[in-house]
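Here chain A shows up in two complexes: once beside chain B, once beside chain C.
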Partner chain A sequence: MQVLSRHWRKLALAVVLLVALLIPLFIDNQYLLGLIMLAYIWAIAAYGLNVLLGYTGQLTLAHAGFFGIGAYTVGILTVNYGFPFWPSLLLAVVFASVLGFLIGIFALRTQNEYFAIFTLGVGFVIFLVIERWESFTGGSLGLIGVPYPEGLGPIQFEGPEQLYYLILAFLVLTIYVAASIAHSLVGRSFIAIRNSPDLAMAAGINVGRTKQLAFTISTAIAGLSGGLYATYIGFLGPAIVNVPTTFEILLYLLVGGMGSLSGPLIGAFLVTTIFEYFQQFEAYRLVIFGPVVILLIIFFPRGLAGLWGELEARVRRSPEKEAEGREEPSREEVR
Partner chain B sequence: MQKKREKKMLEVSDLSVRYGEFVALRDVSLEVDEGEFVVVLGANGAGKSTLFRTINGLMRPSAGEISFYGERIEGRPANTVVSRGVTQSAEGRHLFPELSVLKNLTLGAYIRRRDRAGINESLEEVYELFPILREKRRDPAGSLSGGQQQMVAIGRALMAKPKLLILDEPSLGLAPLVARQVLDAVVQINRTGIMVLLAEQNAQAALKIAHRGYVVENGEITLQGTREELLGNGEIRRAYMGA
Partner chain C sequence: MELFLQQLINGIALGSVYGLAALGLTLVFGVLRIPNLAHGALYMVGAYVTYFALVSYGIPYIAAIGLSAVVLAVVGITIERLVFHPLRNAPHTHHLIAAVGVLFFLESGAQVLWGSEFRQMPSPFVGTVEVLGLNIGLQRLVVIFASIAVMAALYLFLKKTVPGQTIEAIEQDRTGASLVGIDANRVSMMTFGISAALAAVAASLVAPINLVFPTMGEALNLKVFAIIILGGLGSIPGAIVGGFLLALAEVFSSTYISNAFGQAIGFVFLLVVLAVRPTGLFSKGV
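Let's turn to the complex of A and B:
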């Protein structure tokens, strides 16, 4: 049964990847393709948040800030200094994660709601610095003309189709990294901290250092998604760095499912497309969406990915487990 | 008992712990010798869990010393205490419910994570002690029965290869028969040379298997002695055995 389901999972994964690879061939509509690319970028950001919030259980509200650090690193280096894109993207990741590491030293001294409030402040400060430092960041006017990436060998990035594959590649890379973390002892120590920091400590886990690692990984991924966003959108304004963006990424994670591997992708994809679909309702979208999210959290706290897992578990359990019930083990079994 | 001996491996002396104004433990002294099985008796709220959490490093004492193999460990973070060889299986089991039994167990070996062979060896030992866990190793720990979950919790503590195993009411909430199985397993663990410090409300069951015992009341140790001494003590019989 287990082996079978693993095969199915692999097959499903292959199909999803195949569809993703074929999308540009079928979709002529530039707007739709752009929308999908944006969903991928937000999914990458959501995977970053998932490492810290989903697995380690620390609610950071500075995520858009680190996304912005990544975006503006690429923006400023390419636009103001004429840097090529690729080293700028690398620096975006490095810069976001180094800053994340340094801020983490202080932020992670706080816990629970205090951590959330602290990081909310951090996020807002990053936004303010970007908005007010006009000579460097362009202030509220923003940065215009972030270039497409330079070609890599035979691959040229001339249009959205090529960029689509670039972003898809980074999304796949992010998911791969997230999956490797989730299946490693490091990932389990993240989960242990989410479940109970005391218990994690009692198992010998250095809680402070492990949280620091999770925070740094999450900010690195945020920086990556920001850097990709900069080249995709070509224009950077400070609004994208502001706190509401954090809550949007949080929303993707809540809808998709925290602490799961498919959750960030499902959530980012679904929410961005639904939002676009209901664009005619403008601000009223939130009026509709708010209650839906509340219901989702009440009834499916683990998001849509969690819902799927629950259904799967129920199907698998029903024949054997129901008969066994909650019986205590017999004596022979213990001896 | 009063004479200082060389063999004392865990030595708690004049330990006091406060929660703000409230004094949870007052001048508690206790020791565990090599190979010993020591039980701490006491009612709910007497201070047993506080004592264990302090030994384990999850709480800081306001006064007093804890030394383990001659090394002071009080006030140290719990993860470093674990690597000194003191492991606790917490009250109420506290597993990682969504992780499989196997993953719960290997998490217990976190401090030995580079020692693959050793971990597998310990895993085998745990399976030998609790064969049902081998069968259920792929099931999420949350799906197990109460007794099985307790076995996972004890097994996880063993995976750290402790010198001293601290168990906070492992029989809590278990059916009498299952509780006995768990305690029997603890005896087996002790026979392999691991020191055991056990908190129990069921004095009868605990004194049957322990070498020595302490009675904690309102944060103070009011009685101590060997199994025979405590079993013969009329006060204990009245207060904890209902006889």
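Let's turn to the complex of A and C:
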């Protein structure tokens, strides 16, 4: 049974990947393709948040700040200094993660609510710096004309189709990294800290250093998604760095499922699609999504992926085991 | 010197608004251990209720503020029942996320219902009075005295009345308070109601000086969090002192350094304090 389900999982994964690869061949609509690319970019950002919030149980509210640092690193280097895209993207990831590491040293001294509020302050200060440092970041006018990536060997990035594959490749890479982390000893230490920091410490995990690692990985991924966003959108304004963006990424992760491997992708895809579908009711989006967030966190804190996992477990469980009662969902491992 | 005194008065007026808003936030944190990220949104809704009571229904200013406080108390209690009560045993991250949901709902709800334009709230207290050679806006004096009156009333309520003392009892020891027969549920509802009402009063007092718009609570939201962390989460004197300190720091650094620095100083100070003392300046053992 277990083996069979693993095969099914692999098959499903292959089908999803195949569909993703074929999308540009079937979709002629540039607008739709752009929308899918945007969903991928937000999914990457949500994977970054997931490492810290979903696995390690630390709510950071500075995620949009690090996303913005990645985006503005690419934007400033390419637009103001004429740097090529690729080294700029690399620097975006490096810069976001180094800054994440340094801020993490201080941020992680705080705990629980204090950590959330500290990172909220960090996010807001990053936004203020980007908005007010006009000579460097373009201030509220923003940066215009972030270029497409230069060609890599035989591949030229001339249109959205090529950019689509680039972003898809980075998404697959991110998911691969997230999966490797989840199944490694490091990932298990993250989860141990989420379930109980005291227990994790007693089991010999260096809680401080492990959280620091999770924070750095999370900011590196945020920087990557920001860098990709810069080249995708071509224009950067400070609003994207502000705290509400963090809340939106949080929404994607929450809908998809915190602490799950498929959650960030499902959430980002679904929410972006729904947002776009109800575009003429743009103002109503958050009127509806506010209560959705509340209902999810009360009734399905593990989102759609968690719901699916529960259904699957119920189907697989034999009737006599049903009587033994359900296992604690929050203690379940990441699949 | 004149500029200094003028800014001092401005700082005190702003500080009394920050203090009122921070009091509500710190009460909720002290009693329910909920960092209510939607506090700024409640503040914004409070300003709108006063605005419409004044403009559409012609209710006098002070009565409109009272009405707004009552309406927001009901809103606060509703939110406590529907959102935070079901989450009382959930991990702390869930409270924060639920509060973000409330924030989404209230802010975008205000945008849908009332539009995103900036509105000027008319106040009967126009003009200036001359005190010791300084021209002081009458509205600022009203802000200062009304805030002090509300703070004093809250203090008397918490210290001298039985319902107020049940709030303090729950804050000090939830289990112990339950053992002597205090209904924690009722106290939670009462605290949320008072907190939202305080936010409404603060917003309605300052609205004639600033403007009313759907995102007016965002900057304040971050600031009151800075204040209650600096003052110690759950500490009432800390919230008031912190409110005045932050406001004075903002006003003076805006005047003498730069406007951008004035806006950022609270957060920079917050980050520095938390980096050095991870549980805030005057923290009680939480």
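Everything that follows uses one rule, which is that the second predicted complex is superposed on the first by the 319 of 335 C-alpha atoms of A that agree within 3 Å, B and C clash if a C-alpha of one lies under 4 Å from a C-alpha of the other, contacts with A are read in each partner's own complex, and residues count from 1 in each chain.
Note that a residue touches a chain if its C-beta (ideal position, glycine included) is under 8 Å from a C-beta of that chain, and two chains touch if they have at least 3 such contacts.
Given the structure is predicted, the values throughout are model-derived calculations rather than measurements.
Asker: Is A:A192 contacted by the first partner chain B, the second partner chain C, both or neither?
Answerer: A:A192 contacts chain B only, not chain C.
Asker: Output check: A:I294 vs chain B and chain C. Expected answer is one of first, second, both, neither. What do you get?
Answerer: Touch partner of A:I294: chain C, not chain B.
Asker: Just to be sure I read the superposition right, which of the two partners does A:Q212 touch: chain B = first, chain C = second, or both, or neither?
Answerer: A:Q212 contacts neither chain B nor chain C.
Asker: Compare chain B and chain C by how many residues of chain A each one touches, and report the one with more.
Answerer: C
Asker: Taking the superposition as given, does A:Q162 touch the first partner, chain B, the second, chain C, both, or neither?
Answerer: A:Q162: touches no partner chain.
Asker: When the two structures are overlaid on chain A, which partner does A:L128 contact: first (chain B), second (chain C), both, or neither?
Answerer: Once the two structures are laid over each other on A, A:L128 reaches chain C alone.
Asker: For A:A202 in the superposed arrangement: first (chain B), second (chain C), both or neither?
Answerer: The answer is first: A:A202 touches chain B but not chain C.
Asker: Return the residues of chain A at which the contacts from chain B and from chain C coincide.
Answerer: Correct list for chain A: none, the interfaces share no residue.
Asker: If we count contacts the way the header does, which residues on chain A are in touch with chain B in the complex?
Answerer: Touching chain B: residues 2, 185, 188-189, 191-192, 195-196, 198-199, 201-207, 317, 321, 326-329, 331, 333-335 of chain A.
Asker: Tell me, which parts of chain A touch chain C in their complex?
Answerer: So the residues of chain A touching chain C come out as 53, 57-59, 106, 109-114, 116-118, 120-122, 124-125, 128, 132, 243, 247, 250-251, 254, 283-287, 289-294, 297-298, 301.
Asker: Over in the complex, which chain C residues touch chain A? Could you list them?
Answerer: Interface residues on chain C, with respect to chain A: 29, 33, 35, 82-83, 86-87, 90-94, 96-98, 100-109, 111-112, 218, 222, 225-226, 229, 233, 260, 263-264, 267-268, 270-271, 274-275, 278-280.
Asker: Help me check something: in the complex, which residues belonging to chain B touch chain A?
Answerer: Result: residues 56-58, 77-79, 82-83, 87-88, 90, 94, 96-99, 103, 106-108, 110-111, 113, 130-132, 138, 143, 145-148, 151, 156, 160, 175, 177-178, 181, 184-185 of chain B touch chain A.
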